[in-house]
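I have a structure here, written as structure tokens, and I will follow up with some questions on it.
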Amino acid sequence: MTQESTATARVSAAAAGPPSLVTWQWTAAAALVAFAAALPLGVSNYHVFELTMVMIYAIAVLGLNILTGYNGQISLGHGGFFAAGAYTAAILMHRYGVPYWATLPPAALICFVLGLLFGLPALRFEGPYLALVTLAMAVAMPQMLKYFDTWTGGQQGINLVKVQPPVALGIGRDVWLYLFVLAVLVIAMRIAANILHGRTGRAFVAIRDHPIAAAAMGIHTARYKTLAFGISTLFTGVAGALSAIVIGFVAPESFGLFLSLSFLVGSAIGGIATIPGAIVGGLFIEFVPNFANDISDAAPWAVYGLAMLLFMYAMPRGVVGSVGHWLTWSKQKFL
Amino acid sequence: MHQFLQQTFSGLGAGAIYASLALALVMIYRATDLVNFAQGEMAMFSTYIAWTLVNAGLPFWAAFFITLFISFAGGMAIERIVIRPVESAPVLSAVVVTLGLLLIFNATAGWIYTYTLQEFPSPFPDRPLFGALMTTRDLGVIAVTLAMLALLFVFFRFTSTGLAMRAAAQNPESARLCGVRVGRMLAIGWGLAAAIGAIAGIMVAPVLFLDPNMMSGVLLYAFTGALLGGITSPVGAVVGGLIVGVTENLVGTYLIPSQLKLTVALGLIILVLVFKPNGLFGTAIVRRV
Amino acid sequence: MRPILQLRGIKAFYGQSEVLHGIDVAIEEGGMTVLLGANGAGKTTALRAICGTVRREGEILFAGQRIERRATEDVARLRIAHVPEGRGTFVGLTVEENLQLGGYAIRGRAAANMQRMYGYFPVLAAYRRRQAGALSGGEQQMLAIARALMMEPRLLLLDEPSFGLAPRIVEEIFAIIERIRRDEHVSVLLVEQNASLALELADHAYLIETGSVVASGTAKSLADNPQVRRSYLGY
């Protein structure tokens, strides 16, 4: 090969895709996943269920991080997309006897399309206006779920047949679902990392930080913003489907405004523009309400609110965001 | 036709309350670029304070003005103590703080006063006017809202503190160079907003009955109204609030049963926003690169 | 003449980076001192250090008083008026409101002061009710200076008043600045990249390069300095 074509080959190889993880990062990640997989052995069934919910919320919050953290479009309505995924899975299982694991792809697809459809008009709006439009989604969803009751079972919701774990493995249902969700979480985080550390992710961030410059550089802002919406709702919708599978029941009341706000809070507390922060967010959403109840059964939500305030004072960029920030700061100061 | 006018006027009455809370939201947004999601709960808490004073035997108007004063001071304190730490943090952190404040006020009110519905006296008698087209209460509420708007207009346009507050909101660094104590201006802004919210709460409590969850629906409509009018415009807040009130009422009466009323009303308003993405009176943010 | 402002060992920081490495500057009362230097040398940062809009260490004495611990608005109330880089006008407010804000900290004499400003800058009188953002660059610069003067300052800090303006307007503005300095008895600290024009007007000059003072003295001595001539005056 001539010198010129070698150089070209090297350049195109570098531009081909996201950088692969360094060896030690691979081992660390694998160790973490192994630890997480072994965790159910040491805890009670109820705790396993709680941890499964943590992971489901983490996937949902990850979706929100992609949209709001990396692309700068605020959403107060992700509870609505969570509901869409949950009801898709529930209706497929209940009416059409689709096996639980097969409901994930259709839920993903439907929520992806829903997100694209939402993302298009959302291009018109920014800041608090976008917040309102997404808020409308969160508020409208429970009302619409109650209204179209032939499909959704209305106020009563839909009761689902409990999932049976594969007999050959000899483990209980809670542990099986835990491992199932863990697998989906790992895949989801890997896909998110690929997207966000690659060309698409860079386009998202460029649009978030300086939309005019991004457009001037040739980034098709409308396309990427709509895509961000679709990818984001895909993740949250899959999380919703998983929640229907794990809980075995869907009803409109569980998918109200509070859920959407919880996702936003979890996102901010974990670190809005991070991937691991989603897990911290999931932990916050699942455990802090119980913790607040332990502290004060007279006004637990006041304790929850106080926890939100204290986290934001101590770590305004979220837990993972602040840790990253401190690491960079100390590197600058001490190296 | 009679029913249409009646529903329109009663929608205006409800809309005036949304407009008042919307005014408070706009005030804080102009000062700090922040939507105060706790505005409704702060208003509810103020109303409970008024209720406590009235129950303790004070005449209505004495309780009213003392509550305004307490709310103003409380709003200033909240800005200094609760919001100040996240003023220079990312906007989302401040949003989470206001959401946390919402929960704290709501839960604390529920704990202190329980969730039982309470009656609240109204300064306006509830008599029908103009052949049952509207009530004196609706008229009273509309009058109070318009009076607040007028007072605020005069304050911001013709007083030096009002000018300093506008400057501090638009360009805090330049305001400091002129000797304006920007932090104090922000605190005053929050104090005013809290006082306005208190008035909104006191006007709505006779109608919806006082309970800790009284304001949650009102906040949603106020937020919608503020955005419809243009989040930076006080006049827009009032007009937007009134439109939302009328729309909600007419949609509920003529179009759709109450189950989907909220969805349809919001949908219509968002449709308007699609054509005017900065609200009816809002100014587009001109960005220079 | 004693110095009205003294900077001793001033360091300034943007985040972790130190951009001023301990500079010493003295401004004579009633005179005009200019800070010269290329882009990024630290001239604007020095003005920000005086006003407290940047993190700083060291001593600042204003008329013998230590002010390095004061907040920006308190420094302004001591009658140090800063016309910042980019003018800092309130573009959403009218010309008149901008001037009123200049007089915010001095109640009372605002109306008389405003008339005087309209005397220096007649174009502002014509546009008094217009939104400041609608004014041209030169007019906004005049408005910014007028607003600073509304404070009845003892010290005027001017950051690159010639920036982005046509040469004719620049001459006009500098003529007014010179007139103001004499009539209002104001000490002026000027930051300028336009070295030749600045050295013509100033009494004293400091040359700043990458955060340190590399030359100082009377304006004439710096204008005759061969290094300065080569680097900044072009001959």
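Each chain gets a letter, A, B and C, in the order it is written, and its residues are counted from 1.
Throughout what follows, contacts are C-beta pairs under 8 Å (C-beta built on N, C-alpha and C of every residue); 3 or more make two chains touch, one makes a residue touch a chain.
No experiment lies behind these values; they were computed from the predicted model shown.
J.: Quick check for the class: compute each chain's Cα centroid; which one is farthest from the centroid of chain B?
T.: Most distant chain from chain B: C.
J.: Which chain is most central here if centres come from C-alpha coordinates alone?
T.: Going by the distance between chain centres and the overall C-alpha centre, it is B.
J.: Quick one: chain A and chain C, Cα centre-to-centre, how many Å?
T.: One centre to the other, that is 52 Å.
J.: Whole-Å distance, chain B centre to chain C centre, using C-alpha means?
T.: The answer is 43 Å.
J.: Centroid of chain A to centroid of chain B, CA atoms only: how many Å?
T.: Each chain reduced to its C-alpha mean, chain A and chain B end up 33 Å apart.
J.: Where does chain A touch two or more other chains at once, residue-wise?
T.: None at all.
J.: If you look only at chain C, which of its residues touch chain B in the complex?
T.: 51, 53, 71-73, 76-77, 81-82, 84, 88-93, 97, 100-102, 104-105, 107, 147, 151
J.: Hey, which residues of chain B end up touching chain C in the complex?
T.: 160, 163-164, 166-167, 170-171, 173-182
J.: Which stretch or stretches of chain A touch chain C in the complex?
T.: Going through chain A, the ones touching chain C are 329, 332-333.
J.: Give every residue of chain A touching chain B within the complex, in rising order.
T.: Chain A residues touching chain B: 68, 74, 121, 124-126, 128-129, 131-133, 135-136, 139-140, 143-144, 146-147, 212-213, 261, 264-265, 267-269, 272, 298-302, 304-309, 311-313, 316-317.
J.: Contact residues on chain C for chain A in the complex?
T.: 16
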